[in-house]
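First the structure, then my questions, so here it is.
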C-alpha cells in the first residue's frame, strides 16, 4: 500500500519525522517522541532535546530482541518513553511508535472524562486500522481509544498502558489523561497516518462538543 | 487571467499541490486528493500515501476519453475518489479537481444540517465562479453549495454527487456531510482558488454562527 | 530605524511579501494584495493569481506622478485595488500598502458593528504610528481604525476610503466591513509592522469579547 | 542533557531563533525579542526590525560584566528590553532570555486577573525547572508564574520584574499583563523549552477555563 523507500536511513527518518511533528505542535518543549523499527534495530529520538533540530548521529539504536543499546550518542539521555515504546513493538508488532503531546489529545481526555474516547460517523475514522479484524474501520462503526490516568513518572505508565493494550486489542493507540497519546502502526507510514487521523478526530470531537453535537452518535 | 506555465510537468504540479494542501490540513492522514487534466491525460495522486511526500513517479496517469490507465506506479493503489474526480472532468469540463478533508468543511456540514451551505455578503464569495452565468459571484448574491450525505464506501458517493452536480449547475463544489469537499475549476489555479475561498467561507460561517451572526443574511 | 536594504529588487520584495502573507492567510484565494513604492515607481502584485507563486516578471510597474503603466506583464490584469492603493500613496505619502483578507479583520468588523474599531491597554498598540503626532501610540491610548461599508465592486470603495483617510488623519489603516483591511506605512517594513500589529489586535479583541472582556476600556 | 553545539555562532543562533519564534507568533510586528549569552558576551536582536529577516551583522553584542557595547550595528537601535534581559542574566545566571508577545501569554493574563498564573496536573509542567530545588517540576505540583502590571514604557518594567524575580525565586518566567512573557533558562535550549512549555500551558489553561475546567486543581 504505502511506499517502502527501502533504502531510507532510519536515523534520517526519525529526525525528519520529529521536525514535521514539531511543526504540528506534537513534540514542542522537548516533549513527545518518535521511534522506528528496521530489521532487528529500534531507532529512538533522544530525550530532552529540541525535537526539530535533531541530527542523525543523535539517534539511539537498540537491539530489538535483547533491548541492549547498539548506539548511545555521547552526552544524551534515552527517552523515558523507552519501555512504553517497547511495549508496542513487542505486544503489537509495531513498525513505529509515536508519542504526541498534541493539545488536541490533551483536551480530548478532559472532554471525555471516562475511560474511553469514542467517535462515529466521521470520515477520518476510515484512516485507522482495527488490529483484531485486520482491516480499516468503517465510517459507521464506533472507534474506541482507551484513556489511562497519568502518573508522575513516565515509566510508571508501562503497566496501565500494557493493560490497555490487552483490554483493547483492536485499538492502535492509548490516550494518557492530561498528557498525550501513544500511537503505533505496522510501518512508520501507518503510525503517522493513525496519528494524523486521531489528531483530527480529537480536535473535531472537541469542536463538536463545544458546538452542542454528540460525536459518539450518528445524529 | 491566471498564468498558464505551459511547460509545467503535471506530475510535479500534483506533488507540489499535495504538499501545499497537507500544510493547510486538507489531506492529512492520507485523506483527500488532487487530480489535474492536461490535454487528454488525467494525473492523479495515489491512495493511502503520505500526501506531503509524493514523488513524481508515484502519480497515476489516465487516458481521458477512455479512462484507461496510461501509467500505474508499481505497488500503489489508485484513489477511490477516481469515479468522483471523473464526474467533474466529464460533466463539468473541469481542468482540476480537489478533494479536501478540511475540518472547516467537516464542521460546516454540521452547522448547516440541511441540504445546502449558504452564505452572502462576504467578500470572498467573489473568488467563486458561477458556472451557469459564466461569471464571478457578486458580493451581495447568495452562494449555495449542495451538501450530500456520506456513505461507507467512497465510490457509493458517485450517484448522489453527480445528481448534486446536475441539481446545482452553478456550483463549483459539493460538500459531503461529516466528510469533506469536492471542488473543481477550469484550470488548477481556478480549482485551488475555489478551494481556498470556500475553506475561508466555511471557517468564517462557523465562527459567525458561534458568535451569533447569521451568515445567510446581510445583517 | 528599520534596515533599508537599498539594493533590494522591489519586484522580488513584492513576490516575497505575497508568499509570506499567503502563509498568514491574508491573501488566499487570490484575494488581497501588496504594492511597494521605490523612487517614482509603484510595484503591484497582479490580480487573480496564486499570490504565493508570483514571479518577479509578473509584477506591474506604474509611474507614480502620472499613474501610467511602465510595465504590464503579458496576459495579466492589474489589481482592482489599484485606485485604493494610489490613494494611500498620494494622500498619505505611503511607501507601501497592504490589502489583507485576514479572517481576523473580517471578524473584527462584525464584532464592532459601528464605524470604528477601538482598542486600548494592549502592548501591540505601540507598534502602530500616529500619523498626526508623528509618533508611536502609547499603551494607554485608544487606537481607532475606521470601518467603511463594503461595495460590490472594489473600485467603488475609493470614495469612502479616501473620506475615511481624511476623517481619521492619525490612522494608518481602514477596515472594510465583511471584507478586510487596507493598511500602509512610510516603508514596506512599517506597513508590514502595522499589518501584523493590527492583525494581532483584531484577533485578540475578538477573543476578549468572546470571553467577556471589553477591549475598548482598561479593565 | 541538551546538546551544546559549542561552535555555533551566537549571532546565527539569535537570527535563527527569531525566525522560528516569528512563525510561532511570538515576535510579530517587530515585538518581542531574543538574547543569548556566550562566555562574557551577550548577543541581542535589534529593536524595531522584521524579526524573521534579521541578518547576523544586525545583532548587538554587549560585554557582560560591564554592560558596554562591543558591537552596535549601524543605523539600528538596541531593544528597550535590554535592562529586563540583563536582570535575568545578572540575577538568575540565565544563558538566554526570550521575550514573547504570544497571544496565549496575553490571554492568560486576562483569564488570571490576580497576581499569579497557576496550573497543575498537566504533563507539560514537567518541562519547566524549579530554580530553587534545582529540578524539574513534578506533574502533580502547582506551577506558579508571577504576573506584573504593564507600564507605558518597557524600561519602567525593570523594577517590578526584578521584584517578581526575587519574590518567586523558583519561577523561570514573569508574565506582563496585556503584554507578554519574559522567560529564561541556563542555556538557550532550556530557555526555548521553558518558553514552549509555558506557551502550551497558557493556551490549554485558557481552553480549559473556556470549557468549564479549573486548571489550578486536579479535577
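We call the chains A, B, C and D, going by the order they appear; numbering starts again at 1 in every chain.
In this section, a residue touches a chain if its C-beta (ideal position, glycine included) is under 8 Å from a C-beta of that chain, and two chains touch if they have at least 3 such contacts.
Just so it is clear, the model here is predicted, and its values are computed rather than measured.
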> Between copies subunit C and subunit D, what's the superposition rotation on C-alpha atoms, in steps of 5 degrees?
Replying inline: 90
> For the homomeric pair subunit A and subunit D, should the interface be classed as same or different, according to whether the shared residue numbers exceed half of all numbers used?
Replying inline: different
>> By mean C-alpha position, what chain is farthest away from subunit C?
In response: A
> How big is the gap, in whole Å, between where the Cα atoms of subunit A centre and where those of subunit D centre?
Replying inline: 30
> When the centre of a chain is set as the mean of its C-alpha atoms, what distance in Å lies between subunit B and subunit D?
Replying inline: 43
> Using the touch rule from the top of the page, what residues of subunit C touch 2 or more other chains?
Replying inline: none
> Are the chains arranged, by touching, as a line, ring, star, complete graph, or other?
Replying inline: ring
>> Run through the chains and report each pair that touches.
In response: A-B, A-D, B-C, C-D
> Touching subunit C in the complex: which residues of subunit D?
Replying inline: 25, 28-31, 48-50, 58, 75-77, 101, 103, 106-107, 110-111, 150-152, 176, 178-180, 210
>> Going by the contact rule set out above, which residues of subunit C touch subunit D in the complex?
In response: 1-4, 121-124, 127, 138-140, 189, 192-194, 196-197, 199-200, 203-204, 207-208, 211, 213
